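Each of the next two complexes has subunit A plus one other chain: subunit B in the first, subunit C in the second.
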Partner chain A sequence: MKKSKLNLMTVFIAAALMVFISCGTKEAEKVEVATTATEAKTYKLALSLAITGPTSDAGNPYAKGVEDYFKFVNEMNILGEDKIECTIRDDQYKNDVTKRNFEEFIAEGLDFYLNYSTGSTLALKKDFEEEKMPTIPASFHAGNLIESNYIFLPIASYSAQAIGLAEYVVNNHSGSTPKVAMFIHPSAFGRGPVSDVEKAIAAGLDMELIEVVEHGKDLDNTAMLQRLLNKGVQYVISQTVQSPVATMLKDASRLDLVAKTFGENGKITFLGCHYTGGNDLIALAGPAAENFFWTTSYIITSEPGVGTDAQLALAKRYGRDDKAAQSHNYANGVMVAQVATECILRAKARGKAVNKESLYQELLEMNGINAFYPVTTVGPVTYSATDKAGVDTLQLYAVKNGAFKSVGTPFIPIYTGKI
Partner chain B sequence: MATNRWLATGNYHISYQDEQKIFSTHLDRSIFIVFLSALFIWPLFFEVSNKFMLVIDNIMIAVVAIIGLNIVTGFAGLISIGHAAFVGVGAYTLASFSRVLGDSNMLLTHAWPLMIVLSGLMGAVFGAIVGLPAMRLKHLYLAIATLSFQMIFQWTINFMDFFDQGQTISIGRVHWLTGEVARKDHYVFWYYIILVFIVLCGFMVRNLLRTRYGRCLSAVRDNDRAADAMGMHPGFTKVYAFGLAGFFAGIAGALHAYLYRGVGIESFTLHESITYLAMAIVGGLGTLHGSFWGPAAIKVLDLQVEILAEKAAHFLPASMNLATALRPFTFGLVIVLFLMFEPRGIANWWRIVKSYTKLWPFRY
Partner chain C sequence: MTYFFQLVVSGIVVGSIYALSALGFVLIYKSSKVLNIAHGQIIAVGAFITYALTVWMGIPIFLSLILSMGATFFLAMSVERIFLRRLIGEPIISVIMVTIGLMSILDGLVYLTPFGTENFSFPVFLPSTPIDLGGVYISWTQLMGVIITIVMISGFSWFFKKSTVGISMRAVSDDQLASMSIGISVPKVFGLAWATAGLSAAAAGTIIGNITGLNFDTLHAFGIVVFPVVILGGLDSILGAVVAGVIMGLIQQFAAGYLDGNWGLNGTAEVLPYIILLIILLIKPHGLFGIHEIERV
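What follows is the complex of A and B.
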């Protein structure tokens, strides 16, 4: 017995040593690479996001978008001899892991940082300030920008998206004041836009907010939907991720509550912000997704154009599966990588040393005649000291015959400027 | 009989006091002093990146928390599934001060040792309150009571505006004799502070176990009716076990808040409570040094599986989410394997090594 336990311990100690030695070898390799690459410059970028764990269904294609675009930049010599080295780390949607990753990136001499979740962006806000690190998160939470100089949202905030949807409801509703409910994720990510929608109503948006529902992990929303219907709710604006929306839509479809046309009397019209929609929602909800209204700043692959062709070609070039290639989160990842690359290009063109200070300056000057036009969005990317949201323009889409199709032309919500 | 105070090849205790000694030989004491000195000295000679220092600090904070959990679950035999909530109480004590006074108030940034102790005391108060049902409840029923506290804690933080609904509440940088602790020194500074707390907590518990209050814990764990018959108060013992566990947990929470310079609910969820319990089991329930082995083993394992899962995620189909399942699977497997093959935890390996070296070169 004693002998077997000693053997077990020996195995354990040997395994620990192997891990230790392998870590040491890795460090040595890194040093070797760094010393051999002396001529061409390498710019250090990094991304920490949920490749596994919660929201990894969005994080996975996002990571692929970033990875593919930087590979493309390096292979096509878009920066001449210079290269981008973007380290991508999984943080499992955990703030403490993101912090650990960020410390690792800083130690390696980070020039530009791409973050992911709302929670970690808020948690690391002070670190970004202290390090003066230009940061673009995948979170569009307006609260990220409060008391922050270095965080830049890729597109309009969740608040702007929810207000945009509310404005569409008000402008297209026939009859008395529309009654609206919000279906939100139980976190800062979900709750963020609620107070801003309430402010918009207080500022004159003619809409009644009947209820705010924080969803759990419910597999059945029958009671909630019946309650909303009894309260006279005609529209539900969702700010969460795709799976709870898909569950809600399937239940609403089963109960025959989904409006066939926008604002159909006695039924509910469902709408949602960026992370609620996309092709993944259709895959999850099936026919129940029909007539779901969704807003984002990205051009999606069911509305083919130059941008989507480029997106699909990029995904094909790097052997991505169809699911990733068609994802708006892949486009999202490509777009932030495009912005980072553009900043480097501009800093180089001005003869500046490419570092976090010059890249931050390039972001601040990305407006007016210097606005950046990526082909994957419905509007230009504009940043300044007072405007930290990239693409201010939104596009409304609705599911028609199993695919998201554009509804109207791109718009900028009016009430975001009034609250 | 003359005894060798430096080496002992067996247990030759001739008095009760002799058996209660912290160090049985001079060699034990010397090894401990050398080891402790090495822990204090090594950061001066080896430059470790902030990332690894953060990992080490994190393990050490877990050690403080597990020392507390070991008192209640290991020594007193009371299952607690809400330990992360007690840690959270400590962290949110600081967060409350930050919300009311501002994150850079002098009380938080200058009087931080006081704040850490205050957080510990707050944890003790909550621990004692949650421990009250222990006077009437046992086993699974008590576990459910502690689980209830965990759920109430999470709900309260998640829905109260005062606590920013669980979003990160920031804590300012602390000051030391040389002024504000700079970002580059942050993790090393907290390494020393946590180490001091570990040493203090370790000696506190080691000495507690030598007192009648410490022996009460074991007596109540083994048979509370017999303990009652011998004049001990099982109810009071259980409540103070929870109180003490809450105290250490509160200190761990405050250290966590200062280390991460912020407090968010995700570090104090039910999942974290289960992780703490796993650390205690893997380390060895009812042993002081098990509180050191458990956090180290689980955190290092977690780190390795994390690297593996990340690599796996690049080639496993995303739709199947297999990489996500790798961590909980490994975690569960380790717990099951330890419960099956080594229920006394890594501490038992240490015991075997010690007894082997004690007799070396003789086998018997």
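What follows is the complex of A and C.
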């Protein structure tokens, strides 16, 4: 019952979004003319992220998603005569630049902040606390939430994603206890989920974590892959970015180690969290990406639906190229902009002054019947004082014939609640 | 034993690619005593040009590689002509600072193209089934990388030892004033050194891009990754780059194969090359094959 209600709501919101997009600029012009007589307010939002520099392959489409959605909101007068002014600045993945950007945003007046990397989110955590600034980063690191009141993850943390993948392994593995290795980025971003997976195992998740590999800039992973195989590893869960995963998959493919079906005996099944997958992985790994399993909370365009139709229409409306339009990180950017817009809409609807305090309060109340269904994700966005991860639901995808396809239905990891 | 030989083969493959990447540093340093910090960016640009010619213009990849090498030849030569020629005779630190600036400029220019923020991969042009050497596997891409490396390094070795221009370049490296006094054009030699480094960068970039996929951050990082190789081999020795490249490749593979994951060790493949580098430099401060100049006062 709950599920059908959820689906109905999703379709409704998506349809509304589609209508808005297809109505186009003419409608926007009409509404603007009609409302110029009343006093308009401008809400100041800001985003600092890596549009260039390391990880800009994710940051670039993310920025476009944020920019396009706010443009759409303003053009369609979704906030009535009020407008959103979102300043987007490139920090090249440098924490000192992010901090400087944030300080300048604050000096100019800021109602809601969107951040990007794990490093800068951790580095600026105290600043967000001092400023009491509601902040949504693109980093899903669970550590962002420790000793923090104002950081809200858009979707399930990397820890929840890794645990979700581990649960899938345990539930679908045939034979004795599955042997798993983790392939992680040598940073807080990569290391974060390891201890949580270990806690899940301690709490009863029936798998053996054989080894945690912190990768470097490897040209050849033969030694690592052979070592894991010799230790009986059957599954590798990755928490890093696409490039090292692509190199590993190519090497595994060359050595004929990739499982062609999930859990194939004597081979390795490769799985990964949000930033390991998507079209960029297929672009880098080519045919070697086949049978890679990936989890995220976002919809993807290789699985068309109302949400992806809306995403593609939005990208088309603002002249984005196909690569950006198809990117799950474009959806990621759209989604955080949707959440911020929804908070403003709700604060206005309650007759509150729109500022960082009221928007923070709206985030905290986004749960239960007030949960938000953005259609760019596979589940609702829910926040509360004790739950700062937005979309708890995950979807597993696998590469089949060169495109990610859904595997099963959306799920919420069980062990995240047990650790 | 198969495992051991697999690690040896992988080590040699990786080492060869390191050697080819390091060659650009050596070629420039050998002639002009300049350390080009922007070499990683030229490696990346070379890979992108090969990709663009192959995929966007439909030119066969081997021809694209040759054209790309030609393009980076002229790119590097132009860089030397525009930015570095004026600095002949200036303190070496000034020249190195210019190459750091150059790195930022090239970064900025690449970010203006789709290659700055998007990922690509070369089309498959070699058989995907690896070569099986009695249970030891090597991919065609890796084999091609090794062959290109051997050809290029042999060519450059011959060039420096036997050709008039190569000998002139060595002479300039040895003593600029003495070289000028016998009619060698020092600026031309510098330009040629940069150009040949550009040539090797395109080859290295294309090989690395075929292995890792085309990601700007990954590609230009190899300018830094191969730094221990350059220092270990000796900044001015082509043979040193080859030997040090293979040593580093083997150390990394053996560390990953035998140390990582055992006794609580992790990431030794990343750290060990630097530890070995430090130890060797303590014993041989100019690297394994670097020239130790003695100045009489």
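Quick notes on this one:
The criterion applied here is as follows: the second predicted complex is superposed on the first by the 380 of 419 C-alpha atoms of A that agree within 3 Å, B and C clash if a C-alpha of one lies under 4 Å from a C-alpha of the other, contacts with A are read in each partner's own complex, and residues count from 1 in each chain.
FYI, a contact is a pair of C-beta atoms (placed from the backbone, for glycine too) under 8 Å apart; a residue touches a chain by one contact, two chains touch by 3 or more.
Bear in mind that the values here come from a model prediction, so they are computed numbers and not experimental data.
Superposition of the two complexes onto subunit A shows a clash between subunit B and subunit C.
Judged by the touch definition given at the top, the superposed model places A:Glu362 against neither subunit B nor subunit C.
By the document's definition of touching, both partners, subunit B and subunit C, reach A:Lys323. Contacts of A:Asp196 after superposition: neither subunit B nor subunit C is touched. Applying the stated contact rule after C-alpha superposition, one finds that A:Asp82 touches neither subunit B nor subunit C. After overlaying the two complexes on the shared chain, residue contacts for A:Asp57 are found with subunit B and with subunit C alike.
After overlaying the two complexes on the shared chain, residue contacts for A:Asp220 are found with subunit C alone; subunit B is out of touch. Contact with neither subunit B nor subunit C is seen for A:Asp111 once the two complexes are overlaid on the shared chain.
Of the two partner chains, neither subunit B nor subunit C is touched by A:Glu342. In the superposed model, A:Asp68 lies in contact with neither subunit B nor subunit C.
With chain A as the common frame, the single stretch of subunit C that clashes into subunit B is 99-107; none of the other options in 99-107, 171-179, 207-215 or 243-251 do. Within subunit A, the residues touching subunit B in one complex and subunit C in the other are 51-53, 56-57, 60, 186, 323. Those residues of subunit C lying in contact with subunit A across their complex are 3, 6-7, 10, 13-14, 17, 107-108, 111, 114, 116-121, 124, 128, 130, 137, 139, 142, 208, 211-215, 217-218, 221-222, 225, 252-254, 256-257, 260-261, 266-267, 269-270.
On the subunit A side of its complex with subunit B, the touching residues are 2, 5-6, 8-9, 12, 16, 19, 51-53, 56-57, 60-61, 89-90, 92, 94-97, 99-101, 103-104, 106-107, 119, 122-123, 125-126, 130-131, 143, 186-188, 191, 321, 323-324.
Chain contact summary for the complex, subunit A toward subunit C: residues 51-57, 59-60, 186, 211-214, 216-224, 226-228, 230-231, 242-243, 246-247, 250, 253-256, 280, 283-287, 323.
The touching residues of subunit B, counted against subunit A in their complex, run 49-51, 54-55, 58, 158, 165-168, 170, 183, 187, 260-262, 264, 266-267, 300, 304, 306, 309-310, 313-314, 317-319, 321, 323-324, 326-327, 341-342, 348-349, 352-353, 356.
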